[in-house]
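Shared between the two complexes below is subunit A, which pairs with subunit B and subunit C, respectively.
So, the complex of A and B:
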């Protein structure tokens, strides 16, 4: 067999690269500059089932909590042990170590055991003044929708009470409209990542998707518009050996995707919490705003925490696979994450009747095992290329 | 070799034969009535399950946070907890079979990070040990591993109809009513897929049986709290088994009655076979892969476990049987706030820590042993807060990693080493110092 060609997946050059670097800097900054400028109290949150629109409508600055700003998760490890997910440990460490001292509060979700316990630690040990909580049901039935809607209303009351604000219907509708613009821009960026001649890489797209969680909508839209315009004029990416889709739970590190792509795997689509899955489709604003948010957020492409909803996620994955012209799937999961643990079992079961090539990568949050990943991806790409003949 | 006149999978035959032999052995021993009752009632359950399967009665699978009262009240349904074969293989069959189930599940992509009770359950499914289900019931308690196993159950049987019971992380009336409302919705789902009709009178009778079982379990706890504890430590965890598989059945009630009666008789007779030196609250999962290790703890170290987290039966176990609403409410509250693990694991660490402190006081314990089942991320995730609470209360705490169904994670020798060092180097010297003061 002839050796695999040396990959040369070049990123967009010039203005697009500069704009991506700006977004990259925004997601690496421990404290968002926009928060300082806006003067809004910043409230951190954990999960893609929490509508950021609620915080925006309260005059707050919603910030998706992350842990990449701390290299050392020791203070999180001390409370959560080394047997829990490293994302939960890093975020906990970031809060306990003071990285997030500028936060006016945080809102937790019962998304998984690890983050429930991280919340316990934050409530008991951090200096944060506000701790909100949202119990998100684990299914789509009508009665569970009612519970979720009620939970959103309770969270709204709690925010109003603590921050002494009134979250009006008009403010919620405005927040929906602003956030829909973010989703619309992400869709355009997504299109630039697909097709025969993609202009953006998967790492670029994840950079933008994470930025959408740390910037205010108006700021993101402005930067995204500039990026879209620049990327449209940029040269297509080269050095692509195979298109793949990436799926799994928490992944907010574009560097990880960059490592995958360094071998010629173009991540043309994703079903990630911090990626396109978690951002969802535009919210249909018809009817009362809170109910509109509840519909959009509860019925998003389901996270693995939703029981019995694997078939919907599988359908979404197959659709994405086809739309992206993908040849393979890379599934990645943080070690010890249990809700995503059996995705591989379930996918393999489906692949018995509908075979699709899949590479499974376990990882630790905040660490990229570059050499190992490159070797695994190279081997996977060779497998895909052999299958292509 | 056949069981009830038919050839069965080898694993079931092993369980059946071993339970039968153990029952014969313990029933001849007047000191073993608690254990022999557990064994004989396990055999009654198996006999019923085989008979119902042979008759083609519809099977319903569920995960280990659910209690089967509603299924008994349907009549003609054959309930199976997905972890049943694994638990029985470890406790009363061949431990090697449990490990083979685990390996088989992992070979099919089931993650090693998940609970071995569920891994072994999926392995048992893959082995075809349970009759195909008419439908599945999946409850979100007590942990993430349950969330994962439910979907895997559904996938394994080509997406048999699944009803999800969502349990919020709160401890309030709103939560109990939310779960009760879901149980009401579960009834037509079960009726539709099993073809069996719900009988409310029967449910009332089943719940009355549950209440009598609860009374026995509370009596049992009372007798076990006596100092010294007379009943063997290895029986401390059986409440959990009882609730998952036997809840609402006459077998479960008889098991609880025999456990309570055995504990009472032992306390009143005052005859014991070892010197009790240290009393520990075993917090987290019991050593199912070899329950004889509790005999070693007692004989070698004088270490007694009067109660563990699987054995603790909280006051929320009572069901008001006066009408349909109260039945469902009582079942819901019991399932989420009395069921061991679901009570402590699904919410904040508050319940977990408070229950430990209550048990430590009520059972006059000297220390705590946090047997850290490696898949229990909710408890490992709370270990820092738990340690701090124990330190504040001046309670020595042993923490180690192990797996309740898999001795390949922590071997018997390693476990014995941990326990011996803790008892002899920490707890006994501390007790001696306190006695001198």
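So, the complex of A and C:
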């Protein structure tokens, strides 16, 4: 049976831990301090298909919208059915309850019907001054690229019009360069997590990845550089029973990953929107900047909302699984999220002919049923260990 | 070589002491708000029953929701693995184990050695768990034995439509007020629970033989309802074996294996 009971994975000590705590504080802060210092108007946005570079180039402060600071979603529940996913309800509640009153606006994406409805409520009921909208195709078909590019151009016009700014080619190129530095740092952090002797846990990586969505690039890069330097000198993590990859719907809570890892699972890689998938690879800046962004964002490892792109997503998952030396997949989805429920169905169908061990965990956004998760994860790891002999 | 398993569940706590393949003692007691103390007490009771001192126990495994609180255990293992091993000990042909506990229900798929292959769990609400029956028995003002026995009295089962335990309780109160006979209501409740358990079992895939473990397995009415719902007979533990100790037994068997592996014999 299993080896000795697993204590929490030993986190990197000293400086690395302090730097991670700083990043953790940044993602928990109700209002980003960097926004106050920068004086930039803050614009909240949903979805990894919205290029934050557009906002940076407009002199704005892009902030990925979350709902973690609101434990009670009743303001959102009043307008959204209880069959709406709790991420949509929590973010709506956060905006309606005034948590995001400092925002100069928000930009929604047609990620799913739940977030489209949440956007309807925000437009009708919030005090925000600007509501942008980006329509994103649901596939990679060649003719859809020009549609997405047009949509980005339309959003650019809308931002220029509302905020009375000019988004220049040079500003876009500079924003791409800055954001590529963020992606580069995340890749280095990723290597420190997935290497043979991991220095960072999956929870640490999600902390950093979420921080990359709430800090300005320069601030993130500075903190990431310090963390990389400290983590490289840190002792490798101990207490790892099995490496896994984590995938599924909206997850921005490192505490959830910490709970998984407390049982000895090491989340060596993820395909999460808020995680490593959503940041994507560095953008190739060649050619006009907006087209470069459209190429990079549309052709990123596809989210499950890209319904027709399951084969590519599956390939990316298998590649990640192999690269991480994973023994299993932990799949987490928010209750009532049909998009990711469909993904589970597709994966199970594939696993009939090409079996990979997978644990599916259903959850509500913002809450963790720690005991229930631990039991399932521990049993899953026991199953993986048994299979390994 | 002496090994022990201590299973701290949501409703009951259990301990089993093994000497090789022989069960020296098994004890069941209520769980409490102090799982660490409960674990110690139930273990001491089992030691007293076995007539041995704690020093003679080579290896101890904790399991159940309170497994991390069994401070004196050498290691802890999930209850899913433990129920599989425990059921296999008495029923080597079992491949599907349905553990109906106080707090959740688990469908467990095991191999020919009793090792965990796959599992699904239901714990989003109390429907399909021992807590559901506990609530209903309390509503009807009866003890468990009387409640289970009534299942076999005459009468067609009432339909209990609500999945939610709280609403099902309201439905039962309505049925009582409408004058429905108690055996009909109880059969309906058992059918409702069996439906939940069967749905869970189908999700993991039903491979015969199928066996039910956990405290609820002592209710013959539930066994009858699950057999009817699955359309197959369930495997029976040998006479005198309490299905509620199977998790603790599995923990003790795993403890025995660990001790042998680490040379503590």
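The rule is simple: the second predicted complex is superposed on the first by the 381 of 389 C-alpha atoms of A that agree within 3 Å, B and C clash if a C-alpha of one lies under 4 Å from a C-alpha of the other, contacts with A are read in each partner's own complex, and residues count from 1 in each chain.
Simple rule for what comes next: contacts are C-beta pairs under 8 Å (C-beta built on N, C-alpha and C of every residue); 3 or more make two chains touch, one makes a residue touch a chain.
All figures in this text were calculated on a predicted structure; none of them were measured in a lab.
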**Message:** Contact-wise, after the overlay, does A:162 reach subunit B, subunit C, both or neither (first, second, both, neither)?
**Reply:** neither
**Request:** Identify the partner contact of A:17: answer first if only subunit B is touched, second if only subunit C is, both if each is, neither if none is.
**Result:** neither
**Message:** According to the stated criteria, A:188 is in contact with first (subunit B), second (subunit C), both, or neither; which is it?
**Reply:** neither
**Request:** Mind working out whether A:371 is in touch with subunit B, subunit C, both or neither, as first, second, both or neither?
**Result:** second
**Prompt:** Which partner, subunit B or subunit C, is in contact with more residues of subunit A?
**Reply:** B
**Which of subunit B and subunit C A:382 touches, first, second, both or neither** = second
**Complete:** Dual-contact residues of subunit A (subunit B, subunit C) none
**Asked** Hey, which residues of subunit C end up touching subunit A in the complex?
**Response** 65, 68, 74-81, 104, 115-119, 121, 123-124, 254, 257-258
**Message:** Using the touch definition from the top, list the residues of subunit B that touch subunit A in their complex.
**Reply:** 105, 108-111, 113-114, 122, 138, 140, 143-145, 147-152, 154-156, 159, 162, 164, 166, 168-170, 178, 181-182, 185, 345, 348-349, 372, 374-375, 377-378, 380-385, 401
**Item:** Of subunit A, residues touching subunit B in the complex
**Value:** 78-81, 83-85, 88, 110, 112-114, 116-121, 123-124, 135, 137-139, 141, 143-144, 147, 304-305, 307-311, 335-339, 341-342, 344-350
**Message:** For the complex, give me every residue of subunit A touching subunit C.
**Reply:** 1-5, 362, 371-372, 375-376, 378-379, 382-383, 386
